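Paired with chain B in one complex and with chain C in the other, chain A is shared by the two complexes that follow.
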Partner chain A sequence: MSYAQRGMDWVRALPKPAKIVLWVLFLVFLFALPLLNIPFITTPDSDFGGVLFTVSTYVLVALGLNIVVGYAGLLDLGYVGFYAIGAYTVGVLSSLHGSWPWLWTVPVAIGAALISGILLGAPTLRVRGDYLAIVTLGFGEIVRLTLVNSQWLNGAQGISNIPRPPGAELFEVPSLDWSSGAPVVDLSNTTTFLKFGITDQIPYYWLALSVILLVLLFDKLVKDSRVGRAWEATREDEDAAELMGVPTFRFKLLAFALGACIGGLSGALFAGKAGFISPDSFVLLLSILFIAAVVVGGAGNRWGVILGAIVVGYFPERFRDFADFRVLVFGLALMLLAIFRPQGILPPRRAVRAIEADEKLEALEEGEVRV
Partner chain B sequence: MSEAFKDEPVMEINPDVDIAPEPVGGPIVAEGEKLLEVDNVTLRFGGVVALNEVSFHINKGEILGLIGPNGAGKTTCFNVMTGVYQPTSGGVRYLGKPLGKRKKFQITKLGIARTFQNIRLFANMTALENVMVGVDAHHSTGVGSAMFRLPKHRREEAEGLARAMELLEFMGLRGKANELARNLPYGDQRRLEIARALATSPQLLCLDEPAAGFNPAEKAKLMELIRTIRDQGYTVLLIEHDMKLVMGVTDRIVVLEFGRKIAEGSPAEVRDNPAVIAAYLGVDEEDAS
Partner chain C sequence: MQYLFDNFWALTITGLTLGAVYALVALGYTLVYGVLRLINFAHSEVFMYGTFAALWVVTFLGGNATGSIAQVIFWIAMMFVAAMAMSGLIAVLLERFAYRPLRKRNAPPLIALISAIGASFVLAEIMGLREKITGWFGLDTPLATYVRNSRNNAGMPEIITPQPVFTLGDYAVTNVDIFVIVGAIAIMIMLDQFVKRSRLGRGIRAVAQDPESAALMGVNRDRVIQVTFLVGGVMAGAAAAFYMLKIGITRYDAGFILGVKAFTAAVLGGIGNLRGALLGGFVLGLAENYGSAIVGTEWKDVVAFLLLVVILLFRPTGLLGESLGKARA
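After this line comes the complex of A and B, so read on.
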């Protein structure tokens, strides 16, 4: 049992009020992270707020991909396609062929990703395993090549001047300064609460973090239901699931569509922050990194894939000097992981689910739920 | 509870737990009338004729044995009945209506459930979750209901949990509800498969060699289990190699050989049928007596 798991167990054993306080403190810490300027963790070479935003998009993408790969067991190697479709929908509507505000384009981006997910899934989810991986790999490349070659989408030049998320300048938040060796509140280096500017990276991180929390809640609620069981049954044995009354095709398509939605949402966030997108932003390597995040962390466990996304997104930024080697390092790390811990760093844990199931059973017996 | 079962050498079931099928499939025929008819089914794989004009029927409330030597087409017959294969000609009628081109999950929802010759549980899900997937066959909670925890979701979860626990209790697996299916002993896995199939509230339960790999004591318990299941309101179709088990538990027997039906009747009739003895029982009969 790893330290992370022991920590989780310790938290789980706490009484409920203490748990809530701890969670709130943890959330405050997460939101304050870019202001704390904690030595060593904070990236020295690039704006920490921006780095945290990048990591957040990885986390979001990993959560979406986890539904497809981790829960439903569908190996999707073209996930970057949905990310691109989300980003380009925002770009096209807000800058290239329209002047919608960013916020309005987000639901459309999610919808466009959803539709593309269904259009890709409906014919291809009839093939299984490796074949599906190849088809989705092709999809990711087709999306990119279409972007490169479409004049209507401005080809390789991409789309610039994408508007930023709507903000307001409400108050200033100070940050901490560690230059003297101890933390000192630095009133000269402040962040305006909710001003989305070019140099104000931190609000983007706050936005992304809030979106992640919503997606996490959604993920938890849906996974812990008939839908989640149907996905897992399909992953474990598709034929048996079908013969136990699970409409597997429908549930695979659902997983694909929901995954695509979250991918599109991440793309929309990315476009809103970057202000400029081009086909180069959506290369195959990104799909591979997304998959790596899910697999490294532990497919099927939402906390695992978050950890995986942090590993994949954060370390190259922290150790920028070695960024050129990151593919090499990832390759080695993946090989080692495949040999020594093929289930990922934090694989799904049944013990936790057993505790939850016991709680439900108790409620059922004590409450005498009439059914 | 779980401790008590660890030292249990032979499976213990709790036959008093009410596991009768939920009224989900609409009107059902009366006891003793035809529940399912296999009508002149022929199935060809290229040049191989796996089933050759096979016809038989199953009456509601009976235990029908489907026997035959290896490769006779017993499991293939199951696969046609549960929608895995489409017959080349002929068809299957359930409650008088043809199954047609219904999908596998739709046939399960109609009321035909099965187990597998090689155990095919959802290995990385708990015993309870395995059974709940079966109960879910008649549920309709989707993303919307789950996301907003609508009353439908709450009701179906509570119902599903209650029924799943009853089935586990019945099978003597209650104490292992939260064990991963793959970590269960072999005998428990076999019973969990039956529980999962029963969870779909089938009218017809098809058991594909449920006694495979069991010792005589376990086989005796299994016979008792199958009878109890029938008494709780299920109709059972049993594929089995073990003659003693088939003869002891079934009401009628259908014998297949090389994809053709060669005999049908009561266990005693089938036992004395020369064609059956020649095809299959000849060797076994001598061994047994």
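After this line comes the complex of A and C, so read on.
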């Protein structure tokens, strides 16, 4: 059992009030993270608030993709398509062909992603697993190429002047300064609470973090319900699940549609923060990075997936010194991880138990263990 | 629509040359899928290394458009040897470092895909950073012709000028077109016979059919898998040499789109089926060209992917079905 696993078990064994206190402290820490400017963690070469926002979108996307890949076991290589549909719905309604406020466009973006998820899933989820990967890969490229070629969507120029999320200027939050070696409260460098401006990106991070918490709650409710168990049964053995009365196709479609919704939501967030989107923001490489985030962390375990998204989103930003070599290093890291830790950094507990059981069975067959 | 009829033969011939390249690369996907049941995501990089080997060897030998016939034949032969050797080597290395360690640990198929994606990044980036990497050893100046501007397009000197041989409709079919189409088909017939008749080919089919029984019958599975990767790589190398003759430009990330297309071709024909890869490649090349003539060139890639989606919906096993293992002995 890994240290991470042991840590998780230790937290689980705590009494409930202690757990709640720990959680609240952790949440406060997360929200304060961009203000603390902790040395070494803070990115020296790019704005830390912006980096944290990028990492949060990765986390959000990874949580959505985890429903599809981790829970339902469907390999989706075109997830960036839903992300793009969400972002472009926001762009079209709020800037290019309308002037809706950002907040109103978000539900429409989620709805558009949901519909495209059902339209793509309904015919393709009947084909075999590895073909699904290729059909979705094709879907992601079709979405991108349509964006590039469609005059109505402004082609390769993209959409600019997307309005920002609604905010208010309530109070100033100071940040910490570590330049003297010890933390000092710096009153000159403050963030206005909930002012979604251009220079200060911290409020976007807060928004994304809040959305992540909501999605996490939703994720937990769904995973622990009948739906989550149906997904698990379908993933482990589709024929057996079907025989036990699980309508596997409908549950697969549900997973696909829910994943698409979260993808669309992340796209909408991205559009609201960036203010400008173009087809270049939705390249296929992004789909692959998303998949990598899910699998690196441990498909099926929401905490593992979050960790994976942080690894994939954060490290390339932190180590910009190796800018030229970061894709190379990332590729090497993926290979090493696949070889030495194939279940991901934090695999689901059930998978760990299954592996242990397998090993025991094998040992029994080999006659190394006497019972 | 009128454009399609006016240029029917031009579209057909260029579609076939492109299709020949797709088909050769598709063989690599199909072979590996046949024996390992996994998508070799990094195969596109195997192809890309072949294009560079072809380019470097022609540059090294000083190839140009004014060579005598003997010289041109020598250049082309060297180009094929270099590209096939390079791609074969890369494919074998790929198997050794990205797939074999996973197989030893019984990793799930999704993990093999992740490892392949990683390998694909590593291979592409090594090529894209070759100027910097050779710079560490102080070799960037002596090798400048080969490594300069490593993130931009690299072009090959033209060694055969395309000359019309005969006309079809109003399109003059050139010697390069004929060479690419006929050459690709010849190579594929050779491969088909190799898999069908040779001892190693029988091993490949046995492993594709039932890996465990094959192992029990004394087939060395690791060796067969290695040979499969080698053969797939050599085919991709041949494709790369044809590609450089016809297109003449490559880049460190040139493999990606072509790889996706070739995979489409493999699935189109029925993945795991060698003849299916040939058919799929040609069908894809033609469909892409006809389709883009109707709806506009900028939609070319969309046509290819839509075709794939439609085929998978109505005939999920591809045009000819999956049968590397089931091919009769």
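Heads up, the rule we're going with is that the second predicted complex is superposed on the first by the 349 of 371 C-alpha atoms of A that agree within 3 Å, B and C clash if a C-alpha of one lies under 4 Å from a C-alpha of the other, contacts with A are read in each partner's own complex, and residues count from 1 in each chain.
The rule we apply is simple: contacts are C-beta pairs under 8 Å (C-beta built on N, C-alpha and C of every residue); 3 or more make two chains touch, one makes a residue touch a chain.
Quantities reported herein were computed from a predicted structural model and do not represent experimental measurements.
*Asks:* With both complexes overlaid on chain A, does A:L36 touch chain B (first), chain C (second), both or neither?
*Replies:* neither
*Asks:* Considering only the touch criterion stated at the top, classify A:V296 as touching first (chain B), second (chain C), both, or neither.
*Replies:* second
*Asks:* Once the structures are superposed on A, label A:L176 by its partner contacts, choosing first (chain B), second (chain C), both or neither.
*Replies:* After superposing on A, A:L176 lies clear of both chain B and chain C.
*Asks:* Thinking of the overlay built on chain A, is A:I115 touched by chain B (first), by chain C (second), by both, or by neither?
*Replies:* So A:I115 meets neither chain B nor chain C here.
*Asks:* Identify the overlap between the chain B-contacting and the chain C-contacting residues of chain A.
*Replies:* The answer is that chain A has no such residue.
*Asks:* Would you mind writing out the residues of chain B in touch with chain A in their complex?
*Replies:* For this pair, the touching residues of chain B are 82, 84, 103-105, 108-109, 113-114, 116, 120-126, 128-129, 132-134, 136-139, 141-143, 145-149, 153, 155-163, 165, 177-178, 180, 196-197, 199-200.
*Asks:* Please name which positions on chain A make contact with chain C in the complex.
*Replies:* 69, 75, 123-124, 127-128, 130-131, 133-135, 137-139, 141-142, 145-146, 148-149, 284, 288, 291-292, 295-296, 299, 324-325, 327-328, 330-339, 342
*Asks:* Where on chain C is chain A touching in the complex?
*Replies:* 38-39, 97-98, 101-102, 105, 107-115, 117-122, 124-126, 129, 132, 256, 260, 263-264, 267, 296, 298-299, 301-302, 305-306, 308-309, 312-313, 316
*Asks:* What part of chain A is in contact with chain B in the complex they form?
*Replies:* 218, 221-222, 224-230, 232-233, 236-237, 239-248, 254, 258, 348, 350, 353-354, 357-358, 360-361, 364, 369, 371
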